[in-house]
Amino acid sequence: MTSDTATGARVLVVDDAATVRLYHTTLLGGAGFAVNEAANGLEAVEAALGTDFDLFVVDVNMPKMNGYACVEALRSDTVGSDAPVVMISTEDRPGDADRAYQAGANLYLVKPVAGDRLVRVATMLTAGKDDVA
Amino acid sequence: MNPLLAQFLAEANDLLAQVDEGLLQLERDPGDPELVNEVFRAAHTFKGSSGLFDFPELTRLTHAAEDLLDAVRGGRLALDSGMTDDLLASFDLIRGWLAHVTTHERLPSGAGSDAAGLITRLRAPLGGEAAPSAPSAAGPAVLVDTAPDWLAYLDAEWLTETAGWLSTTGSTLRFLWYTPDTDCFFRAEDPLHLIRQLPALDRLSVVQPGTWPAVQEYDEYTCMLSFLVVTRASLGELNHLFRYVTDQIEIVELDADAITRHLSGEPPLRAEEVMTVAVTPVIDTEMAADARSVLHAAHRALTMDGVVTEGTRIRSVRHAVAAAARSLGVPVDLGAAGPAELLTAIDLLAGEAAPAPVAIAPVPAAPPRAEERVESRADDPGGQVGTRVLKVDQEKVDRLMELVGELNVAKNGLTFLAASAEEEFGSRALSRRIKDQYAGLHRIAEELQSAVMDVRMLPLSVAFSRFPRLVRDLSRRLGKNIELVTEGGDTMADKDVIEALGDPLVHLVRNSLDHGIETPDERSLRGKSHTARLTLTAVADGDAVIVEVSDDGRGVDPDRVKHKAYEKGLISEEELETLSDVDAVDLVFRPGFSTADQVSDLSGRGVGMDAVRASVEKLGGAVTMRSKLGQGTSTRLRLPLSMAVTQVMVVSVAGQRFGIPVDLVVETVKVPAGGMGRVLHQDVVMMRGEVVPVIDLARALDMPWSLPETADRPILVVSVNGQRVGLLVEQFHREVDVILKPMEGLLAYADEFSGTALLGDGLVLLVLNMKEVLGLAARVA
Amino acid sequence: MPLELHEETANLVGVVTVDEVEQLVGWLRTAKRPRVALRRCNHLHTGALQALLLFRPKISSAPADAFLAAQVLPLLAGGGGPAKPGSESP
């Protein structure tokens, strides 16, 4: 496991839009997180199989494997990650957030997420992550 | 430009191409769900990414397009050509905006009004309703969607009341946050005096410091107050009144929605609550709001129907709740807490974090339709597949090519050095060693050059990509049925060649659509299929690429062409009789010729086939046309695969040097003054039994110069259009490899030059366009 | 004279400018149970308002001036309005 401060915590940013990915990685990278990227759910699952991430920031609408399916896969026995998942979507429709929680997400935010908020949430969710079994 | 915007523009380019192509395919195959999904996804990604920038019109327009496509995707709408037109027009508008963004980093000023009509049209098939998630989207641009956090200094009751009133009346209020500089009293500023002059003051909140200094330490000349002013005064009035303290104020205009959102998001900070909240730094307030969101999500995740509360899911909820608790300053030990314990902890923590309206707001159950749609998204097929290709800015490659050019130039400098080593310093050995060095450098430079040129190679499909759209639009306008076929799109050529091909190809395709291809009625009269066929083909041929535009239209009538050319005085009566059919067809490339009896608004805009030939020849290529009356026409462009490096022969006239493409040069001769002949006012020279006309280059270029009567005549023999012509010059120089750059500025319209190149000694060389020079000479004579 | 200062009562008259602020603060520091009459006050300089907010004297008469009466008096008479989050605990 990585250190228990925000700095050094490992985040996987999953989004098919390269611009959004760059935005999120720049923000989080700038705040001291070690950031990896994936362009769709499949890539994310592959990445999570090889690395223990401390946080996932996942877009909802993606090709190949969408965000919900991706989070479900992350929570499945195959990957078995219990790290916090923040889902970020452009949609703000009733039911979408519940769908995210059902898949196993821990927070549902609507795009665009203000930069300081993303960093704040990421910092909160990764701080002292080793305390709980 | 900031890297994020640069990334967005690059991504947008790909998305636009994807949308265009998808829509056109979709029109042909409206039922294809994968295609719909692909186009929808592109529009969706566009909208999402555009939201990161201050481009509200772009977001709104892509949102409208996305909603329409979503309806098509969900089967609620059938895509018709009118909708396709509107969608294409929307993305065309966006393309224009992005070009503006590329140079100005903002949308053009008229973007809002340009988009408004399209948005209405896009929304019309959906019943014209606005998107539910963008209720304030149609508001004026000055409106701020999110209330600033200082709005918390107004009490919630008043805000609720005000929001109700604003909502009923559809109006807005201006909110001003005024934080006077602490030393403002010394500058004779009196904030309160400023505020009392404000007309239509609705609400004033004076915000005091969270901690007052001790009475003994209180400095009466330090301003510690901030002011929150709510007013119905216009922005103009506000700006005028506060014009001397602009750096101390912040003004936002809010509507009912923004205030309501503010009210439901963060806890209002009422006067009575001041004492408790005052000790908490601002960042913590926001942190608390985030913590509440996390707790709310956890609560929902534990209580929703059919949710899994074991394994990784419950563990992640434990993590999240513990994290939220820690950030609220009340760490909890959740151990192996189960759902029930977690819920208790959440309730406790929620109390700690002050009641958040978000947490208690009932979440409406998902309507079944939304659920179905979500389901159908789960097994999303397709989308674009990421490739392991490095995207390089075109400018960087151009820069690389320039450097290669400069390297070539520097390399060529060594030959000068070798010559002067021998001539000036009399050292043959040194000259040879320099030449050896040159040879080694030359080899490396050549390899580097071909490597860079390889990077510059693009598939012809890039040049072809605009035609599906063009053919579709034009054929609809002309009422013709046309099937476009492209072949050999993967043939590679230098990007400059591809770019330069664009205009000639457009012209040829338009010409074919306009004049070549018949209307469906005419076609069936002639026993042809209703749908005409237009083919774009590319094939590589050695170091050239051949691009052919062919149609199965009515073809060119050689007799009609000949008569027309004769009427226009382009050919003589004798030629009218004797010209072969093939040569007759070639007449269409003559300047001043147009095959159509009426000039159409499509292809007849002052440029003819002569312009096509001229521009292709300027690239060092050739155009030929073959046609069979009644069966079709085929126009063939032959272009060099690469036009980056050209070998030129350097000659000088009147003290100035010019370059002539080496592949035109036949030989160089020096003819004694007496060896020149004259036939019909034309200087000629006899070479191996052939009479070769000789042109005085200086005269053709209108440069004052003449050789001494008795001097030998240096003559450069070139072959242009299969004809040999001698050029009288002052002196021959060497052959050099140069990077030809297109003419710029004042010389851009000087057709006698095909470009400029930098020489090893730093001089700029003008490279001659021989055809034009010969034309000039003919006119001067 | 905008300030009429007595042992425990003060009368603010006309426009109280920045020049009166020091004197007002000095009086507020020493007066045991200060009472301030605002009836004839037409304007308070921000510095004077700030001083009144810090020392919180009893307001013995409401200002006749509409702006002061509507917008400023409630601050002095009531809870004093919201406060900025400070950086340390009180």
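Going in written order, the chains are labelled A, B and C, and every chain counts its residues from 1.
FYI, a residue touches a chain if its C-beta (ideal position, glycine included) is under 8 Å from a C-beta of that chain, and two chains touch if they have at least 3 such contacts.
All figures in this text were calculated on a predicted structure; none of them were measured in a lab.
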Category of the chain touch graph - line, ring, star, complete, other: line
A-B or B-C, whichever has more C-beta pairs in contact: A-B
Whole-Å gap separating chain A and chain C, where each centre is the average of the chain's CA atoms: 54
Chain centre separation in whole Å, for chain B relative to chain A (CA means): 31
Rounded Å distance, chain B centre to chain C centre (Cα mean): 63
Residue ranges of chain A in contact with chain B within the complex: 16-20, 22-23, 26, 39-40, 59, 61-66, 68-69, 74-77, 80-85, 90-99, 101-102, 104-109, 111-112, 116-117, 120-121, 124-129, 131-133
Touch list for chain C against partner chain B, complex: 18, 21-22, 24-25, 29, 43-47, 49-51, 53-55, 67, 71-72, 75, 78-90
Interfacial residue positions of chain B with respect to chain C in the complex: 152-153, 180, 185, 188, 190-193, 196, 201, 204-212, 215, 218, 220-221, 223-226, 269-272, 274, 277-282, 285
Of all residues in chain B, those that touch chain A in their complex: 3-4, 7-8, 10-11, 41, 44-45, 47-49, 51-52, 132-133, 283, 286-287, 290-291, 293-294, 297-298, 300-301, 304, 306-308, 311-313, 315-320, 322-324, 326-327, 334-336, 363-367, 370-371, 374, 377-380, 382-384, 386
